[in-house]
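So that we are looking at the same thing, I have put the structure below in structure tokens.
Order of writing sets the chain letters: A, B, C, D and E. Residues in each chain are counted from 1.
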Amino acid sequence: MTVPLSWYLIFATALFSLGFFAVLSRRNAVAVLMGVELMLNAVNVNLVAFWRYLTPSDLSGQIFVVFVFTVAAAEAAVGLALMISIYRTRKTINVDEINDLNL
Amino acid sequence: MVGQILFIIIAAFTLLMGLGTVVARNLFHAALFLVGVFFGIAALFILLEAEFLAMAQIIIYIGAIATLIVFAIMLSKGMMGREAGAYNKQWYFAGGAMILFFGLLSWLLVKMPFAAANASAPDDAIQQIGSGFVGHYVVPFEVASVLLLVALVGAIMLARERN
Amino acid sequence: MDLRALGESFVAMLENVGIPHGWVLLINWILGAVILLGVALLLAIFLIWFERKIAGRVQDRLGPNRVGPYGLIQPFADALKLLTKEDITPDNADRITYNLAPIIAVFHIIMLFAVIPFADKVVGANINVGILYLMAFGALGSMAMLMAGWASRNKYALLGGFRVVSQLLSYEIPVGLAMLIVVLMRGSMNLNVIAQGQGGLFGLGWYVWILPAVFIMYFVAALAEGERAPFDLLEAESEIVAGYNIEYSAMKFAWFYLAFFLNTWVLSAVAVTLFFGGWQGPFAAQIPALGVVYFFIKVFIMFFVFAWVRATFPRLRIDQMMSFCWKVLVPMGLALFLAVAIILKLGLPSAVTYALLFVVNIVILVVTLKLLGNYTRDLPKNKNKRLFAPELPRL
Amino acid sequence: MNYPSVFNLTWLIPLPTALAFFAIILFANPKKRLSSNIAVGAVILAWIMSWAVAIVFFLNPELTEHPFDLNAPWLPMGTITFHMGVAVDAVTAGMLFMVGFVLTMIFIYSTGYMSFPGHLDPAKYPDAAKEGLDPRYSRFFAYISLFATGMLGLVVANNLLMLFIFWEIMGLCSYLLIGFWFDKSYPDPKQITPKQAGLKAFLTTRVGDVLFMMGLIFLFIHAGDLNFQAIFGNQEFLHELSTSTVNLPFFGAVTWAGLISMLIFWGAIGKSAQFPLHVWLPDAMEGPTPVSALIHAATMVSAGVYLIVRMSPLFSAAAHGGSGVMMFVAFIGAFTALFAATIAVAQKDIKKVLAYSTISQLGYMFAALGIGAWVAAIIHLLIHAFFKSLLFMASGSVIHGVEHGHHHVHEHGEHGHEGYFDPQDMFNMGGLLKRMPVTGWTFIIGGASLSAFPLITAGFWSKDEILAHAWADGHMAVYWTLAAGAFLTAFYTFRQIFLTFFGSPRTEAAEHAPESVRAMTWPLVALAFFALFGGFVAVPEDFPVIGGLASDFMAKLMEMQGEFYGLHVAPAGFNWTPALISMTLALSGIVVAWLVYGRKPLAAGKPDPLRKPLGPIYTILENKYYFDEFYHLVAVRPTLWLAQFFFLFDRNVIDRIVNWVGALGRWLAAALRRWIDEFIIDAAVNGAGLVTTWTGAVVRLIQTGQAQNYLLILLLSVVVLLLLIPLK
Amino acid sequence: MLVQQYGLIGVFAVIAFIFPIVTLAFTWLLRPKRPNPLKNSTYECGIETVGDAWVQFRAQYYLFALIFVVFDIEAIFLFPFAVAFDKIGLFALVEAIIFVFILVVGLIYAWKKDALEWQ
């Protein structure tokens, strides 16, 4: 246990920020999705680090990570399928060209 | 000491790969960098003595999700080509906000007093995880399968080529 | 001779010399890693010869016979040739990825050697998640193939890469299910523990006797995982030239080639560990070195069967192959999993449980084959129907 | 405590309809009749189970001391585990009795009602037109099945989280069902379409729901649990909650109990369409009539009342702590009761009258809760559900008949379509009692009950109890407000009856209106039974003559339950003064209605005889006090305007400036080409262009339609919040 | 214990990764280097390459990967369950069976929708 907990937390924050940056500024939807995966991974690191340092006898942290895996996989599967489907009709998956949220 | 050096090496590697994911213009390269990130995080899980999760991380993220992403890239031709710009107009703004966010959050996290428990990880961790799934966490466990089912159905509906 | 004692005395020796504990550990690890690497490389070279010899014999040929006695030196000659051959990188290729692909291909296979128990506790890393480790690093292989196919920037390479990855992914599920059932039996994912558990009754404790259908499922899926005939679609020259590695030559090709043989060997080794008692054999408990011998004998017999199948069977069509995985093996695997889980929870005496497991395995196997047989018998009638069209009520 | 084993059925009650929903959505969708059969079968199953539970509870009044409670861990969140469970007490039992029955009746009624709608073009849906069923028939049954799940689940839920989830399921169904005929449009662009009405209902109730959720969160923070028993069984906790205070901006120090109950009450205001969030309910009448009967009269809107009934221990604790929240409830209730009744007087749409009367009656219940007449509120809730769903279904039957009559006329070509015909307009009806006797008589029964016609209707007993309480407890303002409301209620109800069923038909359509099919009339008869005799479960014991004869077991049961929860539920006791006043007012309302509308039937094409004497007041009432316009002005318009502003600003102002600068530049260039260096002009033009781009880029960030922009704003908000932490 | 085992894996990983790189570098020194444009062009059975090699693929590949992902995660859930199997009760088995059954529904759905067909 020579590594302080805060190192993990800062690492996770950095990874999360990178992922969020990709989400905010990449034009390509798949790159955005990769950013989301980075964010989820950062969360996982946090969960495991908290488990290891704060409650090593209670495995809830690890179990949560498995659920995050599940969510990440489901998100990736549906998200990518959406992109394939959008690409089929629009021939683009650039996020800034898909602005149907605009009224 | 050794642990710290190892952590720094792995974390630096992972963050570098993460940076690569974010900046790579070529999507396939970004996906490969992403695989690097996943690998680094698996290594961190080993450092944290979560061996089951480390393996699951590789199996699911590299074996499944990264593959899925690569497949999806291939399915939309032109996605990986050289495009006009990889970033949208707000990227510099987002970058600034992100740095601010990172700075503030890590400052807070460092200041936050966490009561670290000096216990070792249980030997039968995997067993406990297994009984957690069917015990305390049974509802999320079943919901996870429903979620997977729904994702499967939805994704098939979306991705299927209708003739 | 006790291999473990050997290792321990070596460690003790180093510490007596006065080297700090940390460095001893490191030296120990490096030594172990080098040994494993050496074993892997020697095996690979030998296996190439072995397989060619078998294929030759099965097909009424001689196989390699010129270089050295029985052609034993042939693989070395091949290696020398590949080392000195000109290496061509296509102009269009994505260079870094192109060069990284063979490295990862061989890396992921060699990594698998770390958890295979050659004898009791004679294992690189005796970890509790051995089975998952196998699956994890096995999954890395598909990444290497995708990289190779993509980086070559060749339609056939990309197509080949995609096809083989689709195949590998699909067949990973039956392999995983077979492993899952074995884990269910033993209650551990540690490969050493799994092999230990099959000691009793002169080989009757091997899981292959208790779970024959599971083994057959594993074997068939392993054929596909090893990209071997009849599932060697990636080498379907008539369709996609030579698969994802079409643009590779010289040493980079050699690494793919090597990885291919080592993959088969690892799959055999896992089969032996999971179903044939690993190193178990007469007196193996007393003389651990015998365990290594038994293990290698079993693995080579297993490998022989793989090579035999490869030399004998014609290739399947890709649609048949995928359907076979998802519509035969996966349902069968799920049925086996549920059946085994239920039987194990019945709380019967162990002999009865084992007998029941055997019976259920046979029943599931027979039912599967019967359904498959019925289908193929009716095939001429249903020419226009999909392969294994589901007989489900219309919703 | 040994519970009758039938209680184990409780958790099954919401299940059949949920399964029916999935079965219809996933499988039975293409088969219309099969879908409705599945739904009706499921709801009958739910009905049987809920009556079994309810009746067993009624037979064992001692159970009020030990409410049934069944818990299972549901969402483990680290150290906190949310539970899922069911509870049965007297209130639940009463609600189950009512909800199960009303649901079933309405499901059966719907099988008849959802025939091919008049606004659709049969040529577009040839199959559905041939079957004579709505093209989205199956979907309708799927939605109402899901709704039934929501309502039944809400009733049996034993904790606030589950209650909230089912509450939101109902909100969703309400939205879907109001907008069920989303392709319907009207010639008058001002008339709200079903699509808009659905949106309006959804968004308006959202205001209340957000506050409700905040209340839940605060409660959870304090209690650490959301189980009703755990919260309300703990007197110490309630006491603590009512004494600890929190400082709020603008309001000063308020007790936690006061704050939480106020927030929760806003949820109820939204759901039960009380003033000032009442505006969605009248427009919700755009949905199919069974929906109006089911959701917007009998069940969902009363869920708000149910919520306050459930939370009453908290409210009374808050009142003990000196918070004015009970007064507020009483005020809102009484005000709404009168306010909505006045609007109802001037409406001409048959369903809108009923909608306002629903708002008004819900106001009675809130007023009752506010003055502490807990039992009376529950009884009125139950009885109101019976007669109001009856009224709605009968009005649906009337509309159906008139529409059929209209089609009949149209097909026979006696008169062509002259413009748009509104089958819901009461001034297009008249004399329908002869054409539709079952509908007419059941409507009259329901109307009499709503008007609290003395002694023989259920509505009298329940409403009278509220008034008696208000009088006895000295809430004179409430009493007189409600009494005035009672007069108006009787008046507008009989105005409706006289306009619709008496006199002579005012249009051809009304003349040819046929009686509805059996599936629609039988539920009317069944409900009419309860509308008449339902009151005999709560006849005050000391009521003259019949006090001892008729039963009051329901009131007794609720009293026991209320005592268990620590509420003051002593019966008001009979007093001649208020009873006579309210009877007089109700009867005089009927008489006045007869004088205005019944004595001399209204001729076709004549305006409402009230219009003249009331003058401008009538116009105000007709326009519902201009509330929609007011909200449109203060809430909807500014939002849209802001969005439009940035868009138009960019498009018009800035572009114009650019064009103008450009034109100026060109003009200058043309005129001064020789003297001014082209470089300057170019720079000016380019500079102006750049400024435009920047300004446009900045202001249009607000409404770009791009998810990434929105996310960036989210990130910035988080950063600001993070900045606040060190500042603190 | 854990460190012991994974230390070897770490060292082994480094060596196993470096070794092929070393050999490739070695051959780079040994082998002849005489590239020409024809040799370095893409090999497509001797026919001129038409268009970019990175062509668009059919969604079928994606569907297989998708179904794989779902079952992969199922396996990840079931492995710990299998390890803990001896310690848990009959009810837990029922829960696992429900879990598997829900995913079987997914498989049947995919089967019905022809997602398992290689077209």
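As a convention for this text, a residue touches a chain if its C-beta (ideal position, glycine included) is under 8 Å from a C-beta of that chain, and two chains touch if they have at least 3 such contacts.
Bear in mind the structure is a predicted one, so any value in this text is a computation, not a measurement.
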Chains touching both chain A and chain D: B
Third chains touching both chain E and chain A: B
Required minimum of steps from chain A to chain C, each step between chains that touch: 2
Centre-most chain [mean C-alpha coordinates]: A
Most remote chain, CA-based centroid, reference being chain E: D
Distance-maximising chain from chain C - centres being C-alpha averages: D
Chain centre separation in whole Å, for chain E relative to chain D (CA means): 54
Chain centre separation (chain B, chain C; CA means) in Å: 28
Centre-of-Cα separation between chain E and chain B, whole angstrom: 17
Interchain centroid distance [CA atoms averaged], chain B/chain D, Å: 45
Chain A, residues touching no fewer than two other chains: 20, 24-25, 60, 66, 69-70, 73, 76-77, 80-81, 84, 95-96
Chain D: positions in contact with at least two other chains: 76, 706, 708, 712, 715
Of all residues in chain E, the ones touching two or more other chains: 2, 6, 10, 52, 54-55, 57, 59, 61-62, 65-70, 72-73, 75-77, 79, 82-85, 96, 100, 110
Full enumeration of touching chain pairs: A-B, A-D, A-E, B-C, B-D, B-E, C-E
Partner chain A, residues of chain D touching it in the complex: 76, 78, 643, 703-708, 710-712, 715
Parts of chain E lying in touch with chain A, wherever the complex brings them together: 59, 62, 66, 69-70, 72-73, 76-77
Residue numbers on chain B that touch chain E, as the complex places them: 43, 46, 49, 51-52, 56, 59-60, 63-65, 67-68, 71-72, 74-78, 80-81, 121, 126-131, 133-135, 138, 141-142, 144-146, 148-149, 151-153, 155-157, 159-161
Of all residues in chain C, those that touch chain B in their complex: 22, 94, 97, 127-129, 132-133, 135-140, 142-143, 146-147, 150, 158, 162, 165, 169, 172, 189
Complex contact set, residues of chain B against chain A: 1-4, 7, 11, 14-15, 18-19, 21-22, 27, 30-31, 34, 37-38, 41, 44-45, 47-50, 52-53, 56-57, 60-61, 64-65, 68-69, 71-73, 75-76, 78-79, 83, 85-91, 94-95, 97-99, 101-102, 105-106, 109-110, 114-122, 125, 128-129, 132-133, 137, 140, 144, 147-148, 150-152, 154-159, 161
